[in-house]
Amino acid sequence: MSETKKFMYINRHAPHGTVYAHEGLEVVLIGAAFEQDVCMAFIGDGVFQLKQDQDTSEAGMKNFSPAYRALGDYEVNKLYVERESLQERGLSEADLMPLTWEDEDDDWAEKPSIRVVSRAEMSDLLEEQDVILNF
Amino acid sequence: MSETKKFMYINRHAPHGTVYAHEGLEVVLIGAAFEQDVCMAFIGDGVFQLKQDQDTSEAGMKNFSPAYRALGDYEVNKLYVERESLQERGLSEADLMPLTWEDEDDDWAEKPSIRVVSRAEMSDLLEEQDVILNF
Amino acid sequence: MKFSVMVNEGPYTHQASDTAYQFTRAALAAGHEVFRVFFYHDGVNNGTRMTTPPQDDRNIVDRWSELASEHELDLVVCVAAAQRRGIVDADEAKRNGKDGDNIAPGFRISGLGQLIEAGIQSDRLLVFGD
Amino acid sequence: MKFSVMVNEGPYTHQASDTAYQFTRAALAAGHEVFRVFFYHDGVNNGTRMTTPPQDDRNIVDRWSELASEHELDLVVCVAAAQRRGIVDADEAKRNGKDGDNIAPGFRISGLGQLIEAGIQSDRLLVFGD
Amino acid sequence: MLHTVNKSPFESSSLRTCLALARAGSDILLIEDGVYGGLAGSAHSTMVEDALKSMKVYALGPDLKARGLAEDRLIPGVQVVGYDGFVDLASANDKVQSWL
Amino acid sequence: MLHTVNKSPFESSSLRTCLALARAGSDILLIEDGVYGGLAGSAHSTMVEDALKSMKVYALGPDLKARGLAEDRLIPGVQVVGYDGFVDLASANDKVQSWL
């Protein structure tokens, strides 16, 4: 099979309380080398992964949140965030890290990676995928 | 300290999906040897632990539910079940295993171990304890 | 049809490993192919040969080892997840200065690329976890 | 005041072991006694010396071992939970026919009675888990 | 598309999230503690009854039996399958999403 | 009596169960993912606002910082403590119940 598959990594866990977000991100970064059509979805508590200003020093844990900024360099630039999940949590898009990527087809213009979508749009996106992994 | 402490084992997990109910019961059975004032509370999905007719053979797992019947022999005979938790789950007391103990102070009369209590009564019971373990 | 299976929780604590095992067995019994079983997160703890479960309970690790030997199943333990949790084979023990290993028969330690490859090569990828 | 602490989840997967460690350290720093730390369920996985976490992350197992050696902390791993999950010391390895052990320095394997005793002897018992 | 749910709706939001995102025509399979979502007469039955109007909902038989739940306790319309039926559902659908 | 809650109220019923059973005068400490329960303006804020009428609610500072939550995002009345404050709360109360 020489095909390209559509991979979606769904993130539904908050960071730090469990390792799923952290180890899920490691899968995405490794998976980027396989040149598939990749996107990430942030649903429910998963939206907390993208919260700005995470500082784990006092909790004595590793702060893996800067690694989300590397996603653009790995050509992982479709990060769908469910609007309803943000709203239920009292968050807005301004609370999220400003993640970007450089579009080589557009003179390396810096473009936002995060796309806030409605639940209905998220539902459509799920249906389009070939492989879904859930972290 | 020669004191007797009031121990409550709170059970809030359904059986089989996770090991907490099973390994929690092992703590109660071992703890019975220490002659403390022991009770168990079943709250939320914990009430499912006492459901009758559990049969794990097709799922290929160990059926530990018969061990609840041994509790009476270990003088663990105060099993408080929250009424509201049963109701929310569409269960009634008739769905629960008929657990009993023999009262040596009453000519070994067989008495029921399960006491269905209201949420308010459960709240009072929590306050009375010295040590609370949660499984 | 070609399946792959991902197991994300350790033995006994969550039912995930049990359900994954029963699914894998049923898929093989129905004549399907199982390309790979990939163990991630605490799932790597399924791959230790050091367990001694009670006699009257199932032996989850042995069950996987036996299924692997009967069906030439590829049981892959993620190396990064295994390092965090202390699952090591002889190579890993050497590389990380450990005085022994604990990997169970039929399991091998490899990278996350094996999971992505399973997703690409298989018709269906099923995930079992908490 | 005399505290005991119960840890019910393994390292890294849940924050429970981190919070238990920080609490224990803070209790000791405030001059309290910590009678025992008891590891149950997947918590027993904190007691393996086979982990090799990434260099830029905390080493949860070593942290416990060091705290134990600094403060003569009693770190007890439940034997029944350890058998299900493959944590063994030299005695257990012999008893169960294992070809090696993996217990980390400062941890000892013992029975559930040690937990009940901690509940009886301590002024407060705190539980950290999933 | 096949969605699996393995958590109790009384303790976790997984089933609610799954049903909010699953499209009409989807197959939903309740496994492990997820089978409690199939219980009739519970505080969350309506959620599954609504789903049944546009989707098929299945529950894994071995997990129901393990928990002492007879088929007559299920919401009418919820179908019971074995591990072989689980494999068939995973084959018949183009992909599987596990709401862990 | 001190109650600790370590799970997000958006995904788990733990906080709701804790508050239903905790008596007036109790101390509630939100730790780990439980600190999300302290967020103002969320779908579950009312639950904690009601609790604050008869109980004290605390959130663990290191866990708030780890998650990028500044104190001004908390429901007014929720107090922030460090690990030392956690130890003090555990000492000051006669027992501790962890709603895991």
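As written, the chain order gives the labels A, B, C, D, E and F, with residue 1 at the start of each chain.
To be clear about the criterion, a contact is a pair of C-beta atoms (placed from the backbone, for glycine too) under 8 Å apart; a residue touches a chain by one contact, two chains touch by 3 or more.
What you are looking at is a predicted structure, and each value in this text was computed from that prediction instead of being measured.
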Lowest number of touching-chain links that must be crossed from subunit D to subunit F: 1
Tell me, please, which chain's centre (mean of its C-alpha atoms) is farthest from the centre of subunit F? C
Considering A-D alongside B-E, which chain pair is linked by more C-beta pairs in contact? B-E
Greatest separation from subunit A - chain, by CA centre: B
Since subunit E and subunit F are copies that touch, is their contact same (over half of the numbers shared) or different (under half)? same
Using the average of all C-alpha atoms in each chain as its centre, how far is it in Å between subunit B and subunit F? 28
Using the average of all C-alpha atoms in each chain as its centre, how far is it in Å between subunit E and subunit F? 33
Please set out, as single numbers or ranges, the residues of subunit E touching at least two other chains. 6, 10-11, 13, 32-33, 62, 82, 95-96, 98, 100
For subunit A, jot down the residues that touch at least 2 other chains. 12, 16-19, 44, 59-61, 131, 134
Taking each residue of subunit D in turn, which ones touch at least two of the other chains? 12-13, 15, 22, 41, 54, 80, 84, 125, 127, 129-130
Mind giving me all the chain pairs that touch? A-C, A-D, A-E, A-F, B-C, B-D, B-E, B-F, C-D, C-E, D-F, E-F
Subunit D to subunit F touching residues, read off their complex: 1, 3, 8, 15-16, 19, 22-23, 25-27, 29-30, 32, 124-130
In the complex, the residues of subunit B that touch subunit D are 1, 3, 5, 7, 19-20, 23, 26-27, 30-31, 33-34, 36, 131, 133-134
Which residues of subunit B touch subunit E in their complex? 12, 14-18, 44-45, 48, 51-61, 63, 65, 88-90, 95
Given the complex with subunit A, which residues does subunit F contribute to the contact? 6-8, 10-11, 32-33, 36, 39-43, 45, 61-63, 65-70, 73, 82
So in the complex, which bits of subunit F are touching subunit D? 4, 6, 31-33, 62, 82-84, 86-88, 90-91, 95-96, 98, 100
